[in-house]
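In what follows, chain A forms one complex with chain B and a second complex with chain C.
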Partner chain A sequence: MRGEVPSVLKITDLVGYLPLVIFGLVLTYISLHAPNFLTLQSLELIVMQSLPVVLVCAGLAVVVMAGGDDVVSGGIDLSIPATAVLSAGITAQMLTSGMPLALCAVVALAACIVVGLSNAVLITKIGMTPLLTTLAMFVAVVGVNNVITVSRRINVDHSWIVALRAQEIAGIPAGILLVALIVAILFFAAHRTGWGLNLQAAGGSRDAAEISGIDANRLVAQSFVVAAFTGFLCGFFLLARGSGSSPGVQDNLMLEMVLATFLGAAFSPRRVVTLWGAVLGALLVAAISIGFKSIGVNVFWTGLIKGSLIVVVVAFSALAQRGR
Partner chain B sequence: MNFSVKAVLACTSLVLASPVFADGHLSLEGKTIGVAVVGTQHFWDREAFNGATSTVESLGGTVVPVDGGRDNQVHADNHDILLNNGVDAVISILGDGAVEPKFEALKAAGIPVFTVDHPSPHAINNTTSDNYYMGTTIGRYMADAIGGEGKVAVFNAFQEALRICDIRAGLWKYVLEDYPGIEIIQPELAEEFANAPEDARKKTLDLLSQYPEGAIDAIHVGCWDQPAIGVVQALEEAGRTDVLVTALDGGPDTLEIMAEEGSPFVANVAQQPNLIGATSAMNVARHFAGETLLPQTYVDVVPVNGRDEAIAAYEALGYGSLE
Partner chain C sequence: MTTRANTLRDVLLRFGFLIVFAAFFVLFAFWNPVFLQGGNLLNIVEGSAILMIMALGLTLIVATGGIDLSIGIALDFGAAFAVVAMSTYGLDWFSAACAGVIGGSLVGIFNAILVVGLRISPFLATLSTFFIGSSVQRIFTNGGGPISYRRMPTEFRNIAQGDILGVPTEAVIAAVLVVIYYLLLERSIWGRRIHAMGMQRPAAIVAGIRVNRILFGCFVFAAMTCAVGGLIAAANIRMFTPLSGFSYLLDAIAAVFIGAALHPRGRPNVLGTVAGVLFLGMVANGLNLMGLNFNTKDALQGIILVSALAFAVAQRRARGS
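And now, the complex of A and B:
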């Protein structure tokens, strides 16, 4: 019996790492078939294209950390991509009517915080499930944004927004540095402060956390506001990437956010959603998307493959969890 | 067959024949051409893409295809991949303002950009339909169809976002200035870029509940005709086929609807997307052969007024027979 225990652990470890192994194999295949895939330029492209996803993933990671990583009953916030397009839509619309960027940002921030607070109240005060609440919120917020933008494309060429895309500092795009800074601050808050430790305690075992005097509900509520804030920030990177606001961006963003964040759990030794795991997950998903296009795979196949990867990741996470 | 359709198609077949046979000296041998298309779900997009890729291949070039899945942002980002792949030229089909910085980057890297239906200061050439003729013709046809007066709703989400739509919808409105009896219902409707037929169906049902029988005479789609599929569905569901429908593009799917007995879809202007894509690819070859291209290349359109002309155009454009 004693001899079997390590071998069982080994198998569950292996199962937990399988998503990563699969990604590794896919990326290896791509690099063999696309000559320019393993270059610095390509790496920069992957990071630049994934900046909006990285931000919403960081927000989702905080929510999952506070609410626990059970997809149905734990913490999840599907509304972040909608919050991001709301931020972009309000800013684009107000910039077009000649208002200063700072004022646009204040109004967009206020709107995003209202979304975060609404999620928080519905989930922690009324007791609705996060999955349904934030899905409904996603639909509602996209609706509001369609009203604000009249479902139209709005071009934005404000110099600050363009700078997020085009400005370089010491040869590194300013957008990358800025997102790295935001993620570093969030990482510090979530993993290196008392608040962050309480947050993780609440998500890890709510009962245990409450027995030790942690107000889990309060932390969950705060996590939704933090998530909405990352959505607000993401809006500006969406504007920079698209040089304006185009309708429909939220759908792809939501798919990539969920895939990347839960894929990120495979990076964590305990198979739980972490901030840096989510960020790496976002980069991997972007690398896969760009890689498939570099070797000329049809975009519909890319969709199928992304969907299958979600299934594989969630399945192996569940298996690894069971074996723990 | 209607005489005007015949005449246009006679010209068209000349145009169809000319690039391939008359420009036999052209070649893309050894060249890799990136072809970026905004989506391949719709007939127009798919055919323009097919025309471009098959022509590049028939000229001996290699195609790197990228498809935006009807998402303008994905489409724009795809140009980064083409830049990274180091292609020799890019043909970019449709797209909104999000592609402009990508074109700029390609140009800066010395990769010439050729656009389809997207005039850009960063492109060598834009190949497109005669959008001016499309806009004015559909304006005249619609005005005639409702007897020169009445209330008209318009799906017009892209007039400010896409230059081709600005031309088409703007000139449609310009024609209507001479019909003081025609009123455009405000606010204008905005259709979605993806899932347009279903989205337009829902919005039309909402519109019909606001405007009872006799309060609305026509629904026009300002820049394309995929939403018109949903508009016609909604009219049939609501039993309101007294409301007439006009739109632009005229692919086989919408010509078939126009060809149905008693169809409310009464006027269209058909484009030749395959020829447009093919012409753009020929322009790439001309550029590499040292020819100087004009900034815009126009491809003929086929006006379609009523059921009979829809049937004739369907056959003449090579989509089969509806009789």
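And now, the complex of A and C:
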């Protein structure tokens, strides 16, 4: 196998860009067939639709950075979408019984932090694998949320929540600005601070990080709390997007989160999960979903297209990595 | 004082999960005497048959060091191929059952091509298989409507509804598969090789184990096993319900990892999986008999799942140190 390396070497640089090229081609195809697709209005719609996914992807990216990007044994948090739904459920339920939004937010935040801390304790103190812990946590949190909301849809028309969707500041929707700000803060924390460097060191090579005196366990624990916090924030954007809380949102959110985050890794030069990659992935996934809908592709085919995209993108990035 | 604390700790470490198991058993029996009746215990076993079969398939994949999120798709394909073979092509029950298993194996072959051929990590590969398989079912059934076949041959219906010497056939099938899997994974040279590649893949390659060939075989065999679960599901309700396999995925993963946590070295193993499946089956049945509402029952089941997993892992950890 090693012997093949030299001959492949020149092609690999090109192969590395193929995922982006494929996405470019798909989007070009869509915009050729749906002339309205590339208008500012529909791009805004795409970004608005993707906001909840962007937030949970950013949270997942931080967890993967701290835990390493091996999906089974490294860092992963599948429970973020459940946390988001819990945050939305608690807020919606309390709002309908007439409590002020600030109080709802405090209670929802407390609940989400409890989820994050439970993940952190189970993983760093008891030593469970993140994949398993957060999957089980997903089931438990969704169950608790169904008890809180009695599995029904709750409409929310609080002015602040509506503002997340409808308010514009200088012509740009407030929701987009807010998410951009949150992502920027997370980016700053993860890439421009000492904490962020330690976080990446812990994920890159745990042993090396620990030898150089970094408390990897503590960073991993913190990353799960950060992820739960992004879930908490995401809850409000779910409320804004769906004009309330509806049961069952978490399943699709989880699939899109995993798809977008690991797709994002294919765009980074070192094939690792990054914050920007995850955000870009979330936007592209939303663009493709909406794009295919707008050229009239049957909804039944969406799963097939998404699945094939994962295969193509991940296979190419695996190929590029092997060549290195 | 210390000795007493130590012995208590030892007992907990050794039999911890067994004690939790027993505690729940006593709690449920105390709550509702119906729980203990022979008929209900048989219910638990019968109700766990499909989950048992799925969890066995998953045990095999997890033992190779991977994960399979598409076991539900294999179940759906098994059910779909069998039902269509009978209703559209008029095949006899045995050929239909074979068609179902072959249909399920297609899912395994697809996974194997992605994982072995394209070297995609099992998590992402089987996630795509899940997406693609779900979509294929939607397209095939025009949106997800069930395909029913009321005039199903009695022999096929008996897969789920008949019994052999008083034991429900599905429980017998599950038991036979447990024995086959036990012999294959824990008592044969192939099992040794599978565990070897799951624990130390580079070492296994150096030792001359044909890792790719084994991985390919495992994915196909696991998918065929899950397809058998599909046959039972189809025979039970005399129809194929698209996308119904997904509901077993989380429980199957939980059962496999509870089983792995019970193993001294934390390896997925057949007997552990059996214990995990029976535990989940017992909890589901017991909570049902408590007469809780659906939402509360679901939430409690989730919380018990997290706690049981935490307990099992903590027990193994403490034992190891």
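In the analysis below, the second predicted complex is superposed on the first by the 300 of 324 C-alpha atoms of A that agree within 3 Å, B and C clash if a C-alpha of one lies under 4 Å from a C-alpha of the other, contacts with A are read in each partner's own complex, and residues count from 1 in each chain.
In this text, contacts are C-beta pairs under 8 Å (C-beta built on N, C-alpha and C of every residue); 3 or more make two chains touch, one makes a residue touch a chain.
Owing to the predicted nature of the structure, the values given are computational and were not obtained by experimental measurement.
Peer 1: Which of the two partners, first being chain B and second being chain C, lies in contact with A:Gln49: first, second, both, or neither?
Peer 2: In the superposed model, A:Gln49 contacts chain B only, not chain C.
Peer 1: Of chain B and chain C, which one contacts the greater number of residues in chain A?
Peer 2: C
Peer 1: Looking at A:Ala34, would you say it contacts chain B, chain C, both, or neither? Reply first, second, both or neither.
Peer 2: In the superposition, A:Ala34 touches chain B alone.
Peer 1: Quick check on the superposed pair: does A:Asn252 touch chain B, chain C, both, or neither? Answer first, second, both or neither.
Peer 2: first
Peer 1: A:Gly303 in the overlay: touching chain B, chain C, both, or neither? Say first, second, both or neither.
Peer 2: both
Peer 1: Just to be sure I read the superposition right, which of the two partners does A:Arg153 touch: chain B = first, chain C = second, or both, or neither?
Peer 2: first
Peer 1: Who does A:Arg241 touch here: chain B (first), chain C (second), both, or neither?
Peer 2: A:Arg241: touches chain B, not chain C.
Peer 1: Which residues of chain A are in contact with chain B in one complex and with chain C in the other?
Peer 2: 146, 150-151, 298, 300, 303
Peer 1: Can you list the residues on chain A that touch chain C in the complex?
Peer 2: 71-72, 118, 122, 126-129, 131-133, 135-137, 139-144, 146-147, 150-151, 255, 258-259, 262, 298, 300-308, 310-311, 314-315, 318-319, 322
Peer 1: Going by the contact rule set out above, which residues of chain B touch chain A in the complex?
Peer 2: Its residues touching chain A are 40, 64-69, 71-74, 76-78, 80-81, 84-86, 96-98, 100-101, 157-158, 160-162, 187, 190-194.
Peer 1: Under the stated contact criterion, what part of chain C meets chain A in this complex?
Peer 2: Spelled out, the residues of chain C in touch with chain A are 65-67, 114, 118-125, 127-136, 138-139, 142-143, 250, 253-254, 257, 294-296, 298-303, 305-306, 309-310, 313-314, 317.
Peer 1: Which residues of chain A touch chain B in their complex?
Peer 2: That would be residues 34, 36, 39, 41-42, 45, 48-49, 146, 150-155, 165-166, 238, 241-244, 246-249, 251-252, 290, 293-294, 296, 298-300, 303 of chain A.
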